[in-house]
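Order of writing sets the labels: A, B, C and D. Residues in every chain begin at 1.
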Amino acid sequence: MSQTRYEHATTALLLVDPYNDFLSDGGIAWPRLKDVAEEVGLLDNLRAIHAAARAAGIRIFIVPHHQWEPSDYEGWRHINPTQQAIMKRHSFAKGTWGGEFHPDFVPREGDVVVQQHWGQSGFANTDLDMRLKQHGISHVVIIGLLANSCIESTGRFAMELGYHVTLVRDATAAYSHELMHAAHELNGPTYAHAILDTAALLDALPR
Amino acid sequence: MSQTRYEHATTALLLVDPYNDFLSDGGIAWPRLKDVAEEVGLLDNLRAIHAAARAAGIRIFIVPHHQWEPSDYEGWRHINPTQQAIMKRHSFAKGTWGGEFHPDFVPREGDVVVQQHWGQSGFANTDLDMRLKQHGISHVVIIGLLANSCIESTGRFAMELGYHVTLVRDATAAYSHELMHAAHELNGPTYAHAILDTAALLDALPR
Amino acid sequence: MSQTRYEHATTALLLVDPYNDFLSDGGIAWPRLKDVAEEVGLLDNLRAIHAAARAAGIRIFIVPHHQWEPSDYEGWRHINPTQQAIMKRHSFAKGTWGGEFHPDFVPREGDVVVQQHWGQSGFANTDLDMRLKQHGISHVVIIGLLANSCIESTGRFAMELGYHVTLVRDATAAYSHELMHAAHELNGPTYAHAILDTAALLDALPR
Amino acid sequence: MSQTRYEHATTALLLVDPYNDFLSDGGIAWPRLKDVAEEVGLLDNLRAIHAAARAAGIRIFIVPHHQWEPSDYEGWRHINPTQQAIMKRHSFAKGTWGGEFHPDFVPREGDVVVQQHWGQSGFANTDLDMRLKQHGISHVVIIGLLANSCIESTGRFAMELGYHVTLVRDATAAYSHELMHAAHELNGPTYAHAILDTAALLDALPR
């Protein structure tokens, strides 16, 4: 892969599912993520990229998973395995602390919070593609959770839609090392235009 | 996962990229696939499922990758890694034997050949979703190549679109065992509603 | 057009934009709609179809326009003429009476309220298609406002997506007779599978 | 509407359905179009815009309707009225003169011919959106046939997808004056960002 030039006017930071349930001690999914997250330095890397994007004038798009509510999936014919788990665990439940954004990533004026996704891809059944077009975005940098499900599906969809896709190895996490390896060494290289670590991304972003 | 009932009127067999370049001795990608393909019995399993689908009155949708032509990708801004490889290797080139369907899977009357996909998902930028709806399909069984790229992206998209998704472990292949493991043991269980082997699928299909 | 059979399990009633701003005396857009609405008997017809759908076990999907908020369209490059008007008039503003559903059409348990649309089509940038598939729907009956913009775009999109589309001449309204004529006599016949009046629809619905 | 600036790098000319059946004496649909087409000067205007786009370095996207084949629509559940007509008249039949592009609009090197559409919108079930993104396009100028069906649906979809949409009143035609009026005076103003005539467009294009 050649070196990508990220211009502030055409690059977006997609921050996927920055909920307390994923990112905070006490969150429903945090115990399953903790080992990998701490090893890669997830929180610090997310904070560093987030700050660098703001400083560079790169717009931040919050790409949130559907917040669970008791009536969800009522009458659905084909609830997928991840949704089955959410039904049991009530991850990202509306009105709970776990379903709030981590305090470091609460949207500010100028950030775009797109419609919530029901599955894995932030583009599927939401307004993300249109919102990106309305801001003239051609390049997406995708960070947040989980590396092999929502991040990967968002990346695969972005590629199909015609965007330039950047993954960041240590600004995401998954439930095991094997899943991280699959996301960044096995599958990412088939669809992503750039796979960086946080240091290299910070170096490549405009100032 | 509970046992799925496959009804012939609402189930489709999606046969992805059944080109000579993937499936035949002499094909461009065959040497890279051969070990895994022979180990799982790919060709025999594809033939068995194909025949069982026909016998059951399950409609077959051929989901073909774009056939390479010299002018492809001219002026594209974000050619992805797989497309870069295709540009070098000329896989599935139009007008060549490698770009023809394997003789055992040539479409017959009643089969649906959907528009060719440029990336990995058979749904992206094609008429596959609409064609499935026009035939009343709610369940897709996805077989063919490659397990971790086109099959997986087609499956991830199908799930987002609201279909019931079945993967078949030994009716696909990939360039390594590790990629097969990632497709069926790591990622498939997050989005697919059923992951079977050929024997179990044949058992579950209507007769 | 041949006579359509509407089965309760596969038919959905799409009720588009049933806001006070459109349907209630005092609503922002009501004065512009009132003449046509009263002439066709809009409110009574919506109520009759709504009740008949409930009685028949036909699921009701509420398809709401985006509720205006002060930060809307910030930084958008291509705000369309309808959106420009909304920015001036603050139609369907969040937190206002005009942005609430008309009391006769407030969702009940079992109704599906899909994501809000930013433009005209209830399918564009929302989860409507997926939600319909999750309920096994193949036929959509589209009623509500406005005949030539949201209803027509929702109908055009539904046709492209592979649904059977029914319009109901007197269960919608527009800002002039000419616009109603364009919707039902000029354009509807190019894409809709059935164009009925309320009496004929009630007759065709299952009991 | 404010004056639009069309930049050659971000503007595309979408030429919809430039088939002999629509545009040439002897074409299947030409007799129904002829009066309106001749009155607005359709052919001359299409030629002038086409030439001006080439001269300005604006890329031309050919957006073709599906070429009819005998097996089309086999087993489809919801064939729409326009498709019913095509089945009778065999418009744009593959392998016939009527299904060839009018000689003045045959694609040249650098033009993009997108996948054929089955319905009305050039975006539905095709690769048009992705192809536009791969060329960095944000503005589409939509010309060709028919004003109230394919042109209008392509325009409505383009708006929903986040593009800036320009219609050209006298670079399209329809089967009646009333249909032209509906397209440009009634519906266009609800979704299009600019509605021009050919002279004004030529004036606004870069040189």
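Definition applied: a residue touches a chain if its C-beta (ideal position, glycine included) is under 8 Å from a C-beta of that chain, and two chains touch if they have at least 3 such contacts.
Here the structure is a predicted model, which is why all the values come from computation and not from measurement.
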Over half shared numbers or under half: where do the identical copies subunit A and subunit B land at their interface, same or different? same
Interface repeat test, A-D vs C-D, A-B or B-C, passes over-half contact pair overlap for B-C
Could you pull out the chain whose C-alpha mean position is farthest off from that of subunit D? A
Cα-centroid distance, subunit B relative to subunit C, in whole angstrom: 38
How many angstrom lie between the centres of subunit A and subunit B, each centre taken as the mean Cα position? 28
Can you work out the whole-Å distance between the CA centroids of subunit A and subunit C? 33
Where in subunit C do residues touch two or more of the other chains? 77-78, 118, 124-125, 129-130, 134, 136, 138, 160-163
Have a look at which chains touch which and call the overall pattern line, ring, star, complete or other. complete
Per the touch rule, the subunit A residues reaching subunit B in their complex are 1, 77-78, 80-82, 118-121, 124-125, 138, 148-149, 152-153, 156-157, 159-165, 178-179, 182, 186-187, 189-193
Per the touch rule, the subunit A residues reaching subunit D in their complex are 129-134, 136, 138, 160-163
Interface with subunit C, subunit A side, in the complex: residues 59, 71, 74-78, 109-110, 115-116, 118, 124-127, 129-130, 134-136
